[in-house]
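I am attaching a structure below and will ask some questions about it afterwards.
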Amino acid sequence: MNFKTKLGLGIVAFFTIIAVIGEWVAPYDPSEMGDDLLSPPSGAHWFGTTMTGQDIFSQVLVGTRGVMVVGLVCGVLATFLSILVGVTAGFLGGAADEALSMLSNVFLVIPALPLIIIVASMLPSADTVLIAAVISLTAWAWGARVLRAQTMSLRRRDFVEAARASGERTWRIIVFEVLPNLTAVIASGFVGTVIFAVMLQITLSFVGVVSLSTWNWGTILFWAQSNQALGQGAWWWFVPAGLCIALLGTALALINFGIDEYANPRLRKVRA
Amino acid sequence: MSPVLEIRDLSVDYGSLRAVHNVSLSLRAGEVLGLAGESGSGKSTLAYAATRLLQPPGRVPSGEVLFKGQDLLTLTEKQLQVLRWNEIAIVFQGAMNALNPVISVGTQIDDVLRTHRPAMTRQERAARGRELLSLVGIPVDRLTAYPHQLSGGMRQRVMIAMALALEPEIVIMDEPTTALDVVVQRQILGQMMRLRETLGFSIVFITHDISLLVEFSDRIAIMYGGRVVEEAPAAEIYRAAKHPYSQGLLGSFPALRGPRRELRGIPGSPPDLRSMPAGCPFHPRCPHAMDVCGERMPSLDSVEVRRRVACWLEEAHV
Amino acid sequence: MTFLLRRGLFYLITLWAAITANFLLPRLLPGDPVQAMITKLGGRLNSDAMASLYILFGLDEKKSLWEQYVDYWGTLLRGDLGLSFTFFPTPVADVLSQSLPWTLGLVGVTTVIAFLLGTLMGVYAGWKRGSWMDTLIPVTTFLSSIPYFWLGLIAISVFSVTFPLFPASGGYAAGLVPEFSWEFAGSVLEHAVLPGITIVVSSVAGWILGMRNMMVTVTAEDYVLVARAKGLSQRRIMFAYAARNAVLPSISGFALSLGFIVGGALLVEMVFSYPGLGYVLFQGIGAKDYPLMQGVFLVITLAVLVANLLADVGYLLLDPRTRREG
Amino acid sequence: ATKASGVLTVGMPNGPLTENHNPFLPTSAAGSLGYRYVIYEPLAFVNNTRPAQDPVPWLATKWDWADNYRKVTFTIRENVKWSDGKPLTAADVAFSYEILKKWPALNNRDSLKVETAAATPDGKVEVTFASPQFVNRNKVISAMIVPQHVWSTVADPTTYTNPNPVGTGPYQVKSFTSQTVTVTRRAEYWQELPKVPEIQYTSYNDNTAQTTALASGASQWSYVFIPDYQKLYVDKDPKNHKLWFPAGLGIHGLWLNTTVAPFDNAALRSAMSDVIDREAIFVRGEARLFPKLESPTGMPLPAGESFLAPEYKSARFEVNVDKAKQKLTAAGFTLDGGVLRAPGGKPVTIELTNPSGWSDYLTVLDIIKGDLKKIGIEATVRTQTADAWTTDFANGAFQGSLRWTNTGATPYEMYQNIMDGAEIKPIGQTAAVNFGRYNNPEATAALAEYANAADDATRAKSLAVLQKIMVEQVPMIPTSAGPIGAEYSTKSWVGWPSEEDPYGPPQATLPNALQIVMKLKPAA
Amino acid sequence: MNEVVLEAEGLVKTYKRVRAVQDVSLVLRRGRVTALVGESGSGKSTVAKLLARLVEPTEGEILLDGRKVRRVREYRRKVQMVFQDPFASLNPIHTIRYHLTRPLKIHKRQETPEELMERVQLPADFLSRYPHELSGGQRQRVAIARALAAHPEVLLADEPVSMLDVSIRLGVLNLLLDLKERLKLAVLYITHDIASARYFADETFVMYGGQIVEGGDSESVTQQPAHPYTQLLIESAPDPERSVVALDAPAEEAAAVSAGCQFAARCPKVQARCWIDAPPRSDVGAGHWAACWLYVETAGAAA
């Protein structure tokens, strides 16, 4: 594993820890309005305060969980769906392939934003996990396309044929012979989806179409933006959350790097 | 006759693994030098290193490759670029992947001419392309075909045609015919030999097929565990190989003609390059192993004129 | 022939499914256009207006979903997309044709630029693996991981507020009327600089990364080695042998992203008040503007499907292996 | 962006426009940006910031109400010409009322219940109504007048985009683009021409962009919510950047679903109202832009000054936790350990909902949440999408939610909006008014009485009843006054309405816009 | 005569417009190695895949122990295949143990992977290795062990040794011989190396253009080839005993013939009827036949 990957993993691990413990270590209730209005970072408020006197440091800490949960749930769900559809279509070919390709094409064209608004509005409390689930619905189709193409190139490989010749059942071949060879694609797809989901969640919070009831980095930015923090010179309001997002995104991309190098022997520095 | 290519004490490392060990070989003008040996004994690696085509992590820690007295290993990329294909052409093992799948074979041949013969006009180049294809028995209208539209044998032949495009001094062929049936194989090699007669280039011919090697080459070098263990004229190797490994190889292939004979084979398994046995790498499998074999590597000494063997058995004779 | 027929049928069914989804999605949204309008205008429109607005939008007679669906197909097949509610009574087609050129212009051009730039940089980074170009990648990734609106707002605050080099909003200067004149063209260019650069900055990393990885893989292929052995120039090897093969997946990704161009760039359009389809759609969603939403979805659907087709055809043209002979 | 001198730049954060100058449609560019009001003129101007003031005659020189506000006769100004040169006639005026009746879809601005409208032989116009129009009288006289010779030929005026607007106003459309509409001064006008030769209406895509434009001076006149207007707007040019946010007769408040226990209990509602810190809402929640609401009657001041019942003339809201607690105890609530329990013993909790994007409301909800804590009510704030909230709110599927009320020339609209029992809808059905489903026959009767009363004394009496109900029963908890405000710059133009010279509401999208433009003069 | 295990009757396989296999009939017997040699692209691998039922035949049928087997699993228990390329036929992400345990589980065999390893003379500690940690010869042996795990009656080996150097090649072939002897396996051995067919196969069939053109016991097919194509093949095989003799210029690829003999275009002894009708099989020696018009009269006269 190279330095970049380690760095990426380190950052993600850091945020994961914050996601777990953020709520407990936060010095203030993130929603509580204090008396220091829009004050720059200080000993009492490390990241300063908002216009209503809320502690931004606490908001960032508490908000980490929402971001990480959406990223994770979405990554897992969308990856699962794309594998289910993409690999099955690619492996089976024929009519099943056509039908599944059609399905993913339809989902590819369904615009994400209205779909999310619809689901968010239909449910009484649109919580983080649900938003994540909806984002996954819109995020899997691309991955399915890639996996399908990749699977098609794998399904005629000798070792797959060999497994068939030795009497393996189809589902076992898909799951145990083909899938593991797609690890690199799946993993980089996973990382890509996580980035996409986090960005989308933040965008949605920012545009104000999803619940602001729970804190995440996007909601911090939403409040900063709707109070025009930038114009007011309150850089401490939007810089921490923005930086966290950029850092997380970069970290995931760095991991992506590592996954590529790990799974693609040609990219490795020295062959084993 | 002075050698056109002389390899001196060449070693090649892949990371910490030494794939080629102090190999010295020379290739004379107009000669076919056969290279045989265990798979993984470093034949391809040697060919790559000698042409400065070694891919990372491969590295040449020591040695010289003299082409007409010029050390290829010290040339700059620019200087090499001029030499390449003009003087030394190479047909790779697995020519299946050696052609760019997305441009036509004609263009790939044309590329060479355009780079090295800037004076040629478009028509001249096209004419030369057709000439080359017919040389290897491919219909000239296939010039516009893409590699995937050709069978494996045809692709192999395109590679060979391309290698001859600039009439180089040296052609290195790394298992050029493994994927072909014997009929096609013979036709191609026959054509090469005929061209060599007219054009006078030298060939380094790497293959596993001992019969083929003996039949087509002038001289043969046998490699084992990254070293050349024996080098001699082809006929002599076939008649009386001196190194026990060479003898083993010759005793392992079935002959099509003549009475059925017993195939002896070589006991044991190939050495692991990461943990080479001390002394002669072959000694754990050698029927004649002596104590000294496990201790020191015998040197590749001339035992006769134009004959070198690296074996303590021979040392004892001297 | 049967292959073409089958493909055609495939696309038709996909189109039908997508259009049906496009019809259903807006109607699954809670609320109705009139309520949305009252809410949007806040206290500026008294609730007495509701009855009038229902009549205005033709929503006073209740139709079943099925009747609406049949009507929708009827009008659609006649090439009529209906009247937008948000911009009542402007036909949806007019709303689309008004904003589409801007979207295509800005997002289209920047997508192409980002693709070309990113791919080119990816080619170099992959070719010279391990050189300084490799450290460039985390930097560009960082830039593209910055939430877009943040990037846009900072660009505005730096380049149009602190140092007023470029205008902060709009597609052209307020006083101008679109026409073919140097003044107008200059104004359009001037107004496109900031949004354009921010889009490129935030999207270039993806192309770089994808291209770089493919380049690294392809560079290890035998035919690249052969090209080196042939003594070809570095440029020729890099472009005609390595990049030419490595670019294939990027090309199909590019074709698909061309399809998504028409969806516009909501955040760009919001932050820079740029005219375009993204914001129109956003408005349409907010206003429960079924005809407008359907119209935009239709355009997106068609564009994505065409792009899909384009990706298929592009692959066919660029990768001779996929061509079927005979 | 540099502006040619002599141009007035108006901005709105309304998003892109399509070319549509139909003055009847709120969806047209003319409606959305408000330039319909500098092209089409009303019969008279009403000052909603001072509703008691007499309207200013404009195209009508005189109007006489008769038959207990069931009939009005207009005397039309002479020498007024349409921009196509034809003279304005009584027939045009009558037509402008008739068209609202004929096309109910066009009657979306003021929902006038016109019965007949006709020109009289002596050149006047008579308009009749089925019911007394006392509460609507200002709306009736401020109807927009359109040329009959143009509109009578239009087959369907609801889908007419009016490509060449013909009006009596001093401006006509010069150019249209999806982001900017420019109108220029006509050569002649029935009175002295305004000083502003050209007005540019630009639409921005969101509040931030609009604020940036205001701050830089690219927009000289706009109405947009600015979170810290001092820093973001005024400080950029303290001498010229001004804003005036006067109250009209509409308010914002916390609507409670009065059908759900324990919020059906007036004492609880009243106690809740007592603890809400309206100062904090004014300063922090609404950034000092929504005028502070002081009268417990919900009447915004000074707009509603003249309507106040004598007993409430000097009554003011004040935070009083102790009084609230007393009220609660008296009503059988118990407060122990910081938890308020309803008479049945159930703890009182409330879920406050509002759309996600409405940051000022959400801030207010947070303030209210903190305030309610003081009397042991556990409040939670939940955000929804705007659509979900709109639907839920109209259907009564909420506990507590912030929303505005209607605004009118009298407090009637506001009170009717809050407590009209005649319009009550069961939970689950869409309500247009009385979202809290407050059912009090006394209130319903008082509202009807006010609307139909024949004399001022009866009106005063019924209005007093309504105010009493508002104060004692608290059908909805008022939080701020609804402003009719705007930002404007005195750099190029002076003569804007202000607290010192409150001649009309300052918004560019209200009919008074023309009145303001007429008064603007180039800055020295 | 050894008993017949697998019998293929009139196999035809058409890919789009390519007729990869045309009317091939073949019999595999217990305890015998049958070699299939021929031109590249003549359909040898396709025949193996048809017999392994990895590819559905366009026409023809396959009988196992004299009957048609419907259930694929039952069939696979008895017929196993070793693929041409040992580098591609082992899944790089699974250990050797996994590769060997799976068929044991599938076919419910009691053996342990260790016993299998012993059978192919590999040390048991290789079980925990991954394929890339093995040499080509070792991998090929693993592939064979995997095929043997099912205790098949038929082993289809598609060019199992072409990638290996002669000494390793010999080891693998000797292993096959040994298995044939001990387990009474029926083996189909596909190769380009005719000399090895002579040494290891009991019978040899020669394929050309999707058809079997000659067959018989290996010694006589390789020593007295009857069909002109076989003669060309034997003639072309490398021979260390001779030095390069004058050779034809490479032949241009011949187009497939729709009717008649596939080899007609290249045949030095071509006759008019070769272009028109497909030649029938004629006996040219004891158990040795060729499909060539050259032998039709002699066969007819002898009958």
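Quick notes on this one:
All chains are identified by letter, namely A, B, C, D and E, in their written order; residue positions are counted from 1 within each chain.
The rule we apply is simple: a residue touches a chain if its C-beta (ideal position, glycine included) is under 8 Å from a C-beta of that chain, and two chains touch if they have at least 3 such contacts.
No experiment lies behind these values; they were computed from the predicted model shown.
Shared contact partners of subunit A and subunit B, listed by label: C, E. Each step here moves to a touching chain, and the least such steps from subunit B to subunit C number 1. By number of C-beta pairs in contact, C-D leads when C-D and A-D are compared.
Inter-chain spacing, taken between the CA centroids of subunit C and subunit E, is 56 Å. If each chain is reduced to the centroid of its CA atoms, subunit B and subunit E end up 30 Å from each other. For this pair, subunit A with subunit E, the centres built from the Cα atoms lie 52 Å apart. Centre-to-centre separation of subunit A and subunit C, using mean CA positions: 21 Å. Shared contact sites, meaning residues of subunit C that touch two or more other chains, fall at 29-31, 153, 220, 270. Subunit A has residues 117, 121-122, 207, 225, 231 in contact with two or more other chains. Residue positions of subunit D touching 2 or more other chains, listed in rising order: 208, 212, 385, 387-388. Residue ranges of subunit B in contact with subunit C, taken from their complex: 51, 53, 55, 77, 80-86, 89-90, 92, 94, 97-104, 111-112, 115-116, 146, 148-149, 159, 162. Listed in rising order, the residues of subunit D touching subunit C in the complex are 1, 3-4, 7, 9, 15-20, 22, 25-28, 104-111, 158-161, 175-180, 182, 200, 202, 204-206, 208-209, 212-213, 216, 218, 250, 385-391, 394, 404-408, 413, 417, 430, 432-433, 482, 509. Only residues 29-31, 35-53, 55-56, 83-90, 94-95, 98-99, 153, 156, 161, 164, 167-178, 269-275, 279-280, 283, 286, 288 of subunit C touch subunit D when the two sit together in their complex. Those residues of subunit C lying in contact with subunit A across their complex are 6, 10, 13-14, 17-18, 21-22, 25-26, 28-31, 137-138, 141-142, 144-150, 153-154, 157, 205, 209, 213, 216-217, 220, 256, 263, 266-267, 270, 281-282, 285, 293, 296-297, 300-301, 304-305, 308. Put simply, subunit A touches subunit C in their complex at residues 4, 98, 101-102, 105-106, 108-111, 113-115, 117-118, 121-122, 142, 195, 199, 202-203, 206-207, 218, 221, 225, 230-231, 238, 242, 245-250, 253-254, 256-257, 260, 264, 266-267.
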